[in-house]
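First the structure, then my questions, so here it is.
The chains carry the letters A, B, C and D, assigned in the order they are written, with residues numbered from 1 in each.
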Amino acid sequence: MGATEDRADTARVEAFSDGVFAIAITLLVLELKPPTDSQGLWHGLAHEWPSFVAYLSSFLIIGIMWVNHHSMFRTIVRADRLLLFYNLLLLLWMSVLPFPTSLVSRHLGHTGGDASVAEAVYSINLTLAAIAFSLVWMHAVRGGRLIAAPMPPREERAAIIRFSAGTFVYAATIALAFASAIAALVVQFAVAAYYVFEQVGAGSSGGSST
Amino acid sequence: MGATEDRADTARVEAFSDGVFAIAITLLVLELKPPTDSQGLWHGLAHEWPSFVAYLSSFLIIGIMWVNHHSMFRTIVRADRLLLFYNLLLLLWMSVLPFPTSLVSRHLGHTGGDASVAEAVYSINLTLAAIAFSLVWMHAVRGGRLIAAPMPPREERAAIIRFSAGTFVYAATIALAFASAIAALVVQFAVAAYYVFEQVGAGSSGGSST
Amino acid sequence: MGATEDRADTARVEAFSDGVFAIAITLLVLELKPPTDSQGLWHGLAHEWPSFVAYLSSFLIIGIMWVNHHSMFRTIVRADRLLLFYNLLLLLWMSVLPFPTSLVSRHLGHTGGDASVAEAVYSINLTLAAIAFSLVWMHAVRGGRLIAAPMPPREERAAIIRFSAGTFVYAATIALAFASAIAALVVQFAVAAYYVFEQVGAGSSGGSST
Amino acid sequence: MGATEDRADTARVEAFSDGVFAIAITLLVLELKPPTDSQGLWHGLAHEWPSFVAYLSSFLIIGIMWVNHHSMFRTIVRADRLLLFYNLLLLLWMSVLPFPTSLVSRHLGHTGGDASVAEAVYSINLTLAAIAFSLVWMHAVRGGRLIAAPMPPREERAAIIRFSAGTFVYAATIALAFASAIAALVVQFAVAAYYVFEQVGAGSSGGSST
């Protein structure tokens, strides 16, 4: 746990993570299947709307996670084994996301319990990803373990809360999925979109303050 | 919006973008399916010509987009959040391109409306990619925001027009697809080929003048 | 064999290897298929447990292999052709792992010989990967060939044994698979988990001592 | 054509190429399908031998091409647009290789013309890749255009021949495929294996002499 490694190492963690993010985000397209509708291609494509919504949502979420990962690793200047492991956990939940995305694609267009189950599985995946994200961040920031200089306690706590807020929203969408699968997806989409703009507007006061 | 980041950051944006371009261009091959024709393999392969045309066209277009992206980021020296977001939008349209490519593969060989619809969807994808490309470039260049030094206004305008010209041609192929799907594909192919040679011949006077 | 190359080269070997590890680990998700169970989605997902176990196991193993590869290349400072070749062999066994993973996914849930065969094939793959790993390491360490300074003979022998221990365990699971496929998978999982914690706890005394 | 770019650029060309090589080599596994043989899994796997041969052959060939690409770019120190284009052509033939690999997988196990056609298509792909490889190399080396210093004419000619020899062998296998598909595959395999050892043994006198 004490073994810290130098700058060159966070470079390779970032490179590997970039690879996994880039592949996961690009593999999503394999879930989009050409329609086999006999009423013409427009009609078939229109019926596939849940696939497009799920694709766009997952693309946006992985993209935002990448942007945040990138911000986070501007602050993290050293890597230890536990960081590698927590980061691997985060990559696990990013890599597997195309699977619940395909469940949502397939079931969101139908009424009934399966749409809720699919969306709940998707929400669980996002929640676990957000938890892994927080683990990486807390491990690095606590007591200035893997960052350039320890933050004042209040700032440290704020930094941790800032990066963990998404976890609670995603966890709430697990329950919401059973009330309305579409409402849960809309909330997830809104969270992702919020992060885009929050980051754009407040980038200078965020993790990238150095 | 004001938060600019240093050189190291455009390096990671470039690395992530390279990853997505490289994966999208390589995943195209998964749309090529072994023929199941009972009249022999040559015959089966010959009947698959629309797949090969669509593959080659998408490969060339993603490849050229990568070359241009690479030129563009030789001029862009800083990254802000909005740049990351516009770039993510560009990567979205690159990543999803294998899907309309598969629609074209499947329908171009048949006469009738579906070939036009498939080609129109393909054209819409290319147009949206070209728009995202222009957004990245305009955001970076305007007033010298993310480049080493502001360009003189006339040069700035010329640089923006240069990178946006493709947008209008791609937009025109949306309409053309309904007259003739093959004509639209030929025009797209020609635009890609033109960029290869334009770049080769005029590379020194382009964005890479620094 | 004598031709050594400078630091820049191990950088490109690492980059290529990172790419292959990242892609292999992310492609695993394509083996997870949406269930087509008529008794509802929960039921269908529950019946897919062997797929999830196999996915998690392979993800963890490739992830750990990557962490170890990363450690190993912090010690290796030069590359020669034979290193590139042994490393390519390692990447072969990493790249092909999704195939035996899919065999395990498909057969582990059923009793009978095929579950054992699938698990044995999986174990053979892991054993071959571990052997390739040892070849890379032994070739680099022997007489200080590709590392910064030769180790004392005793330390050299210890370093080789340390990295080769996994090979014998994986080889033993080939036989174990025929007694119990699930027991073999549990052992493999335990080895991977052990490496996570062994690395975390003893990272400072490991290959990364420089 | 005159526009040369600095070192940083060959870095990004190499990174993009590494990505495509890494993805193409890893996607090959998707052509390996779990057998659906009713006589047990061993039996089913044994019947899939053409898939394993084709997989191994393509993996080795892409791997060797990567090693050579890596050697080549140690000598090439500048990039111009035409180099990017020739390199893109090489990446095209690497990316598409999984398709003829799947044709060989499917037809090599059966006697008759289709095995020859499949193998001939595979040979054509390899020949085109070798030609693209030579184009990159000749363009860079001729008159010292993109290398550190011009070679003496005799050495330049030797360097070009060295990198082009494979082309003629691959071209010969197109014809050989019609006599015997398996013989053609054996020759291709032998060429790849030869390059492994030729490189290992003579690495110091090759392109990496600097």
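Quick note on the criterion: contacts are C-beta pairs under 8 Å (C-beta built on N, C-alpha and C of every residue); 3 or more make two chains touch, one makes a residue touch a chain.
As the structure is a computational prediction, the values presented were derived from the model and not from experiment.
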Quick one: which chains contact chain B and chain C both?
A, D
Between 0 and 180 degrees, and as a multiple of 5, what angle does the rotation take that fits chain B onto chain D by Cα atoms?
90
Type of chain C:chain D copy interface by residue overlap (half), same or different:
different
Calculate how many whole Å lie between the centre of chain A and the centre of chain B, each centre taken as the average of the chain's C-alpha atoms.
26
Taking each residue of chain B in turn, which ones touch at least two of the other chains?
15, 19, 23, 27, 30
Given the complex, residues on chain C that touch chain A span 14-15, 18-19, 21-23, 25-30, 32, 34, 40-42, 45, 55-56, 59, 63, 66-67, 70, 74, 196, 199-201, 203-204, 208
For the complex, which residues does chain B have touching chain A?
1-3, 5, 9, 12, 15-16, 19-20, 23-24, 27, 30, 80-82, 84-85, 88, 91-92, 95-99, 102-103, 106-107, 113-114, 117-118, 121
